[in-house]
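Labels run A, B, C and D following the written order; every chain starts at residue 1.
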Amino acid sequence: MRPVRPEYNYLPEKNPALKKIYRIIYYADTKAGKIFDVILLLLILISTALAMMETVSLINVKYNHIFYEIQFVITILFTLEYALRILSIRNKKAYIFSGMGIIDFLAIAPFYLSLIFPVLHFFVIIRMLRMLRIFRIFNLADYQQDGIFIVKALKESSRKIYIFLLFLVIFIIIIGSCMYVIEDGKNGFSSIPQSIYWAVVTITTVGYGDVSPATAGGKFLSIIVMLCGYSIIAVPTGIVTSQFRKQAKSGISCERCGNEENDKNARFCKICGEKF
Amino acid sequence: MRPVRPEYNYLPEKNPALKKIYRIIYYADTKAGKIFDVILLLLILISTALAMMETVSLINVKYNHIFYEIQFVITILFTLEYALRILSIRNKKAYIFSGMGIIDFLAIAPFYLSLIFPVLHFFVIIRMLRMLRIFRIFNLADYQQDGIFIVKALKESSRKIYIFLLFLVIFIIIIGSCMYVIEDGKNGFSSIPQSIYWAVVTITTVGYGDVSPATAGGKFLSIIVMLCGYSIIAVPTGIVTSQFRKQAKSGISCERCGNEENDKNARFCKICGEKF
Amino acid sequence: MRPVRPEYNYLPEKNPALKKIYRIIYYADTKAGKIFDVILLLLILISTALAMMETVSLINVKYNHIFYEIQFVITILFTLEYALRILSIRNKKAYIFSGMGIIDFLAIAPFYLSLIFPVLHFFVIIRMLRMLRIFRIFNLADYQQDGIFIVKALKESSRKIYIFLLFLVIFIIIIGSCMYVIEDGKNGFSSIPQSIYWAVVTITTVGYGDVSPATAGGKFLSIIVMLCGYSIIAVPTGIVTSQFRKQAKSGISCERCGNEENDKNARFCKICGEKF
Amino acid sequence: MRPVRPEYNYLPEKNPALKKIYRIIYYADTKAGKIFDVILLLLILISTALAMMETVSLINVKYNHIFYEIQFVITILFTLEYALRILSIRNKKAYIFSGMGIIDFLAIAPFYLSLIFPVLHFFVIIRMLRMLRIFRIFNLADYQQDGIFIVKALKESSRKIYIFLLFLVIFIIIIGSCMYVIEDGKNGFSSIPQSIYWAVVTITTVGYGDVSPATAGGKFLSIIVMLCGYSIIAVPTGIVTSQFRKQAKSGISCERCGNEENDKNARFCKICGEKF
């Protein structure tokens, strides 16, 4: 997911009217553009809030119709905006298949589909994702950069985290199976999948307590598992922290020798001596 | 929140009596000042303890009246102190709107307001915050510095944490909505807000267990969410740890070239060679 | 556990037919070898899934016989493969007692033993561990390296973690005993082992809630224990993170002076000046 | 707590018999000394295990008398050992008031006192602490060093952790009070101390679920508190990790200029150029 719009090679249509619309809906550097963005943000918030409140039966009984109508209007506005976004941009394909383009589409599709499949109705909530545009609206360049920093750190450490999760899943399945045998299929450990659910709840230290060991053997194994989980939880933290630290330190890259690890305040490349 | 009093430009009134009072209540370097501070600390502790115990019905039934009277006396003493603090300082505005000045006001206001709005009575507990003065009282300069270190680290990383929380909130709302659809509004997942409450309880690994999935699909999604939460919890830790490490390492800043990353024990700036 | 096959001194039998088989089952660099590995992976997944689903009574009632037959066939295939692995390798002992060799054996043994001791039936799940071969199958060299990185970091920090666990266990036993005395053997704290179970559940922040303090004294001690646990959880994280960071930074080792801490992009040893 | 015996200025009595006894019980470098230590360790383990099992009513009913008798014998042996330890050492005061000396005393005192005050009986478990001698018994020098490393890191960061806990306690009390007001003294939030218990259970992510919010307002505040707690948990981890890293890196200290931060593999002081 890229919360930011890739600026380069995004160009408006040549038609001057579309060019103007383009500037308003894709940028926030004109007055009209800013107003447009703030209205958009409000509509997203209202729409999300409504989708949530609709499910609270006490509220829904009373305001059912009004809610539906507001949601309907907002969806039409979003559809209009989506159409204008496609119309006003030159490289339509690039927009449609960009991260934000897909989110924009998913923000309106579920509503129309819900007219046929009512269950899809709740996926209206996906339009929440459009809030990621918030960075642009408020011109939060610093925040945007920090967001990219976090996303990058997670991406860089994702490979290590996947491997960690693979080990963890194998460990969890084995623990779950042992527990199923020990508790003998009773006390909520009615099957191996159920016992695996317990193992996940335990190792991640969530601990709902809807399934918990009742026999002495089960409790003993639980103690072992919990103490292991205590050490295991350190691994993803270690991975991510190490990556954060590495990124925070990485500095100017030298154009002559390609060294990327010069200190941020360095004046000379520490490998080849090139002056920056 | 700044737990420490900004020393500079805080001056006493010129009147010699007020000057004396100023020295006693703002400083702890005279014997009277120390006694004053210790009494103040005791009053805060007693008052907070009383406010808590008042709510325990077994105790309250018996000592209701005594508690109220003690609280009353302490509040009057605090009010007196507040008045003296304002009177004895030259720049009254600076004190009143400083962090500690506001806390001092909030420590007395709820009690008087509770005579009109009884519900405000419990906010007497705010006077607890006055305990932050503890650093000054015991002259805990080292502790104070470490406190500033922590607060600074949190402030510096706050931007990253806000962004992380924005991502997290969007993730939580989407997970909550999915769970509402999967569990079909049953088993405690009676509405999307309620499901969001479950999602927060799960991802933060609190896991009360008052709402927990009952269907196979719900349990499967829970497992995914918990394993994700396991990796997600690493992010704020990574942010803060990285910041702590950075701060712990940052050392002497060079006056000539502005380099702020010289080792703490360096004798020469590592960028420009300036001798410290 | 070494998820990777130690390449060196693993040689095929001289017989050309066995040499061919060796290449197929031990390597994934021929077409036949790749197909073999993918089929193996599928069989492992199917077998593990079946072993799990067998325990879900609703499913088991219906498909009991089919499940058993599929499992039977897969086990025979695994046995065949195990035999071929032993036959086609020259140093049979090295394979049999290698990490993966033992796992391969454990993947088939429980099934045959379960014909005599039915309880062992569930240990069929151990064949899951064979999935660790996944790294080789998809030629995930980068992933494999990251896996080794994590395992190495845990091994390096294991000594510190053992000591931490020793301290923790002593702390837990003492807290458990105190709690047993305070709660007076009631409210689920029926014995010291039971109270120790509670202490582990609490300090690891799992918090099932099946045992929780009911008296004021017990709640007070719980608060102390939880706040301590909050600080204690930082220790394993600190140990592992520190190790991760250290490993991530460690670079080229100098052949002349043995210095192992040269930067990864260094061209000269920072101790003796040797050129790399 | 110092798990290790401070070697220096610990001298045996001059009497040759006592000198021999001293060597056996204080050191593990003779055969008799090793046997003595292993027996001691076994007695500690047996005694601790018995103290635990005594409280399991099913077991206790049967073996009550035997348990008591074994415990009695072990305590007499420990008393004998304690007497010998005092007798055979020259500086008796130093031993008695050393960490291990106090633990040795506490290992026997509760048993005798329990003849008068039966409740003290359970404190027999304190003798568990004697297990800290395990490092010496098995000559685990590396482990011992790592243990000192961890203890040192915790000590060094203790000041920061205390301040963090002070902030946390103030935060918890205020949150607890707010919750008491919001939930209106119902749903388990029957008093402020009870609500504080809930706040601790929540912020430390233990989450028993014995007290959990039931009103919409309470759930909303809970969500805020949990998300805050998520960021707060990063603080102690950050403190300890940063300290671990700092310690792991600290190396040779220069005798000429006192610089303590030379790399572990440095050959020259990086401040003054002194050769090591």
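The rule we apply is simple: a residue touches a chain if its C-beta (ideal position, glycine included) is under 8 Å from a C-beta of that chain, and two chains touch if they have at least 3 such contacts.
The model shown is predicted, which means the values in this text are computed figures rather than measured ones.
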Mapping chain A onto chain C via their CA atoms needs a rotation, nearest 5 degrees, of 90
Matching interface for B-D, options A-D, A-B or B-C, criterion over half of contact pairs identical, gives A-B
When centres are defined as mean Cα positions, the distance from chain C to chain D in whole Å is 29
Per the C-alpha means, the centres of chain A and chain D lie apart by a whole-Å value of 42
Chain D touches at least 2 other chains through residues 193, 196, 205-209, 233, 237, 239, 241, 245
Counting only contacts in the complex, chain B reaches chain C at residues 205-209, 237, 241
In their shared complex, chain B is touched by residues of chain A numbered 48, 51-57, 119, 122-123, 125-126, 128-129, 131-132, 134, 142-143, 146-147, 149-150, 153-154, 161, 165, 168-169, 193-194, 196-197, 200-201, 204-210, 233, 236-237, 239-241, 243-245, 248, 263-267
Per the touch rule, the chain A residues reaching chain C in their complex are 159-160, 162-164, 166-167, 170, 173-174, 177, 180-181, 185, 190-194, 196, 202, 205-209, 212, 216, 219, 222-223, 226-227, 229-231, 233-235, 237-239, 241-242, 245-246, 259-261, 271
